[in-house]
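Right after this note come the structures.
Consider the two complexes below, in which subunit A is the common component and subunit B and subunit C are the respective partners.
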Partner chain A sequence: MNRKLAAIGAGAVLACALALPAALAEPVEETLSIDGVEMTTRTKAAEGLPFDDVLSGWLFREAETRALEADSFENPGMLYVERGEEIWNTVEGAAGKSCASCHDDAAESMAGVAAHYPTWDADSERPINIELQIDKCRVEQMGLEPYKFDAGEQKALTTFIKHQSLGEPVELDLGEGQMQSWWEHGKERYYLRTGQLNLACASCHEANSGQHIRADHLSQGQANGFPTYRLKQANMVSLHNRFRGCIRDTRAEFPDAFSDELMALEVYVTWRGTGLSVETPAVRQ
Partner chain B sequence: MATPKPRVKVPKSAAAGEVITIKTLISHEMESGQRKDKQGDTIPRKIINKFTCDFNGQPVFSCDIDPAISANPYFEFNAKVAESGTFKFAWVDDDGSVYETEKQIEVK
Partner chain C sequence: MKLAKISLAAAVFMLPASIASAGDVVPPDEVMYEDFTVEASLSGASGNPDNGAEIFKNRKLGNCLACHINSAMQEELFHGTVGPSLDDVGSRWEPAQLRAIVADAKEMFGEQTVMPGFYSLSVGVNVAEDRVGKTILRAQQVEDVVAYLATLKE
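Moving on, here comes the complex of A and B:
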């Protein structure tokens, strides 16, 4: 509330015309239902967050973009879900197995699973996300090489698996293994200012969420819709790609995908969206 | 991406003379021919350049497509149906491939 008053004050000092875009910059008060199933796009924030409510990025997008996500036929991300389903059922590798050989029908075996990722992996003693879980299966069960980061198949299969949790609220178990200390590292990273522009994740997605950064309406930077279909790229964008993109935009050197630094950040950022529905594949600007 | 895969949404049934909405989407990279690769060579144009929809052999909707159309092109249009029949959809690629699909509709 204070921030809103400050914004209006600043607008009045600059020019009256500026007050109008500031007023339009609020997230919309709408409900998202995908094929009739209602999604949680606004829920009470977890303890320790500076917001009253956590908001899905969907609420910050233009009406046309929001409509694309609400209809699973129009959502271009669904093309990648279908591609992922083909990969799920395709036998590959020395062991002669497909994902379906062990996991059968993903609609049952994967239902709700991805809403609880990243999760603790006792073997590697670090948190793993869906991409790393797929790689683990490929190496240990299927006799294959891990996917190259952001390979088309990796994005499609991850999208397909996460889509099986559509509507499921995000909830991480921080009690497992050392998840809590990874969460703390992630939190440090979230508030760490980096790059020539000296920006932290929090500079845009916490302190200025709801404001515009040039033409872009700053969301809370939630992870619940990833991988998302980004209209700008006309393709699926993975969470680690987005992390790297944001860090690059602060003009800092950006870490490798799935590095300790970004896995810790994924744990923390995903936790910030606790209670929001998994929206994969979300559609964003 | 893999072979372009069309998706089409047509109501299963309609009343005679009803105006129905048809939605189509196809996965395609729509390479514009104006981008360059890392070596600085032009990436050859590869787009879907034509889309047609016929109903029982009669044209319903068609359009030429140019390089500014985004990847995964989506078309939505209306048609008035007087009789039961089959909608046939075709997307023509620059390399000559034609991706086709069809949908039945029952008019009561």
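Moving on, here comes the complex of A and C:
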């Protein structure tokens, strides 16, 4: 029934040529290379996922948006990479250190690192993402306060560090610590229906990926491009900000950034994109 | 009771010309679903298709275009494709069936449907504070939407 109805819907789009952004519900069949590095934007889905292939959000965007991401001179997110590099090299705090004091050249020390985050943090006994790892260094090594969530510097530094993994395939080690149980918790959360509209992440990004929800072309909701540069906001958007926005859109209260709930979701959602290249900073409409 | 008064006031406000004898509003948890239909008007009054069209496209109310194509509203940009096209839907379903679909699509299509229940309190967890205990549409608004859907015939 569902399928038949959906097919009728798709037929009607083509037939009546409404003002849809693109009449095709399918993601594009194109390849992405950035600075001469070929990105994996489509790859075989990890076992247990209901897709044959996992797809980068890039494939679902309009041609102009895709072109912006493909050209690092035009990509506005690259300004935040530059800003992040400055912060990396700036001495700050009681200990008189910068990130570079301990990690030297990020192009070497951070190459490929973020492709394996979130990772297990034995000290706090929970998964740690790049934002929280930055805070850990600030507090424990530099004598600084953690960043406020979504502070401009937090987004710039996170973007810079993730960019050092550009092209690297996402791969988590679920064998470490309690990662597996956080993954399970995240999976439950992914299928949990929230809010007055009664929708789960899966309602939009699994059952309806490829469809349009009003003007938006629904992707698989992958994490591999984050933080992403969002044209509408003319700013970087962090992953937890995106999660909170999607949850709010179901007309639900949304959890705090870096709460157990959103960290579990980050572990699980990142895992769903296993094998996709890190594309930070990806560009979105 | 309070709800009934509000809806009644809204009905009178929105439909000055029609229905003088608005009846009792059926609370969301007392709606009778039988054989995939809801026979009785939820507001006790009949619906106004013109109001229904407004509610249908209003992003804060029905926002039906988020998920459905409706060729009768070509002037509205961006129709979603999550659900089936609603072209000619008034020929496919009786008003009593349309009422059941809009009030609680899960009664009609099963638990797994992504279509929200517009007059239902069986919703997701952590509902936003300002929405707790409220339905997406009021009884009369559902009636108006149903009346509008019934006009979608080719």
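What we mean here is this: the second predicted complex is superposed on the first by the 263 of 285 C-alpha atoms of A that agree within 3 Å, B and C clash if a C-alpha of one lies under 4 Å from a C-alpha of the other, contacts with A are read in each partner's own complex, and residues count from 1 in each chain.
Everything that follows uses one rule, which is that a contact is a pair of C-beta atoms (placed from the backbone, for glycine too) under 8 Å apart; a residue touches a chain by one contact, two chains touch by 3 or more.
Quantities reported herein were computed from a predicted structural model and do not represent experimental measurements.
**Student:** Which partner does A:Glu86 reach: the first (subunit B), the second (subunit C), both, or neither?
**Tutor:** first
**Student:** Could you look at A:Ala122 and tell me whether it touches subunit B, subunit C, both or neither (first, second, both, neither)?
**Tutor:** Neither partner.
**Student:** Using the touch criterion from the header, give the chain among subunit B and subunit C with more contacted residues in subunit A.
**Tutor:** C
**Student:** With the two complexes superposed on chain A, say which partner A:Ala234 touches: subunit B (first), subunit C (second), both, or neither.
**Tutor:** A:Ala234: touches subunit B, not subunit C.
**Student:** Taking the superposition on A as described, I'd like to know which of subunit B and subunit C A:Ala94 touches: first, second, both or neither.
**Tutor:** It touches nothing on subunit B or subunit C.
**Student:** Of the partners subunit B and subunit C, which touch A:Ala63 in the superposed model: first, second, both, neither?
**Tutor:** neither
**Student:** First (subunit B), second (subunit C), both or neither: which does A:Gln211 touch?
**Tutor:** second
**Student:** Looking at the overlay, what does A:Leu199 touch: subunit B (first), subunit C (second), both, or neither?
**Tutor:** The second partner, subunit C, only.
**Student:** Show me the subunit A residues, by the header's touch rule, that subunit B contacts in one structure and subunit C contacts in the other.
**Tutor:** The overlap between the subunit B and subunit C interfaces on subunit A is empty, containing no residue.
**Student:** Using the touch rule from the top, collect the residues of subunit B that touch subunit A in their complex.
**Tutor:** Per the touch definition, subunit B meets subunit A at residues 1-2, 5, 7, 9, 23, 25, 27, 30, 70-72, 74.
**Student:** State the interface residues of subunit A toward subunit C in the complex, per the touch definition above.
**Tutor:** 1-2, 5-6, 8-13, 16, 18-21, 25, 192-200, 203-204, 207-208, 211-215, 218, 248, 250-254
**Student:** Enumerate the contact residues on subunit A facing subunit B in the complex.
**Tutor:** 73-74, 76, 78-79, 82-83, 86, 152, 231, 234-235
**Student:** Show me the residue ranges of subunit C that touch subunit A in the complex, using the header's touch definition.
**Tutor:** On the subunit C side, the touching residues are 63, 65-69, 71, 74, 77-85, 87, 109, 114, 116-117, 122-129, 131, 134, 136.
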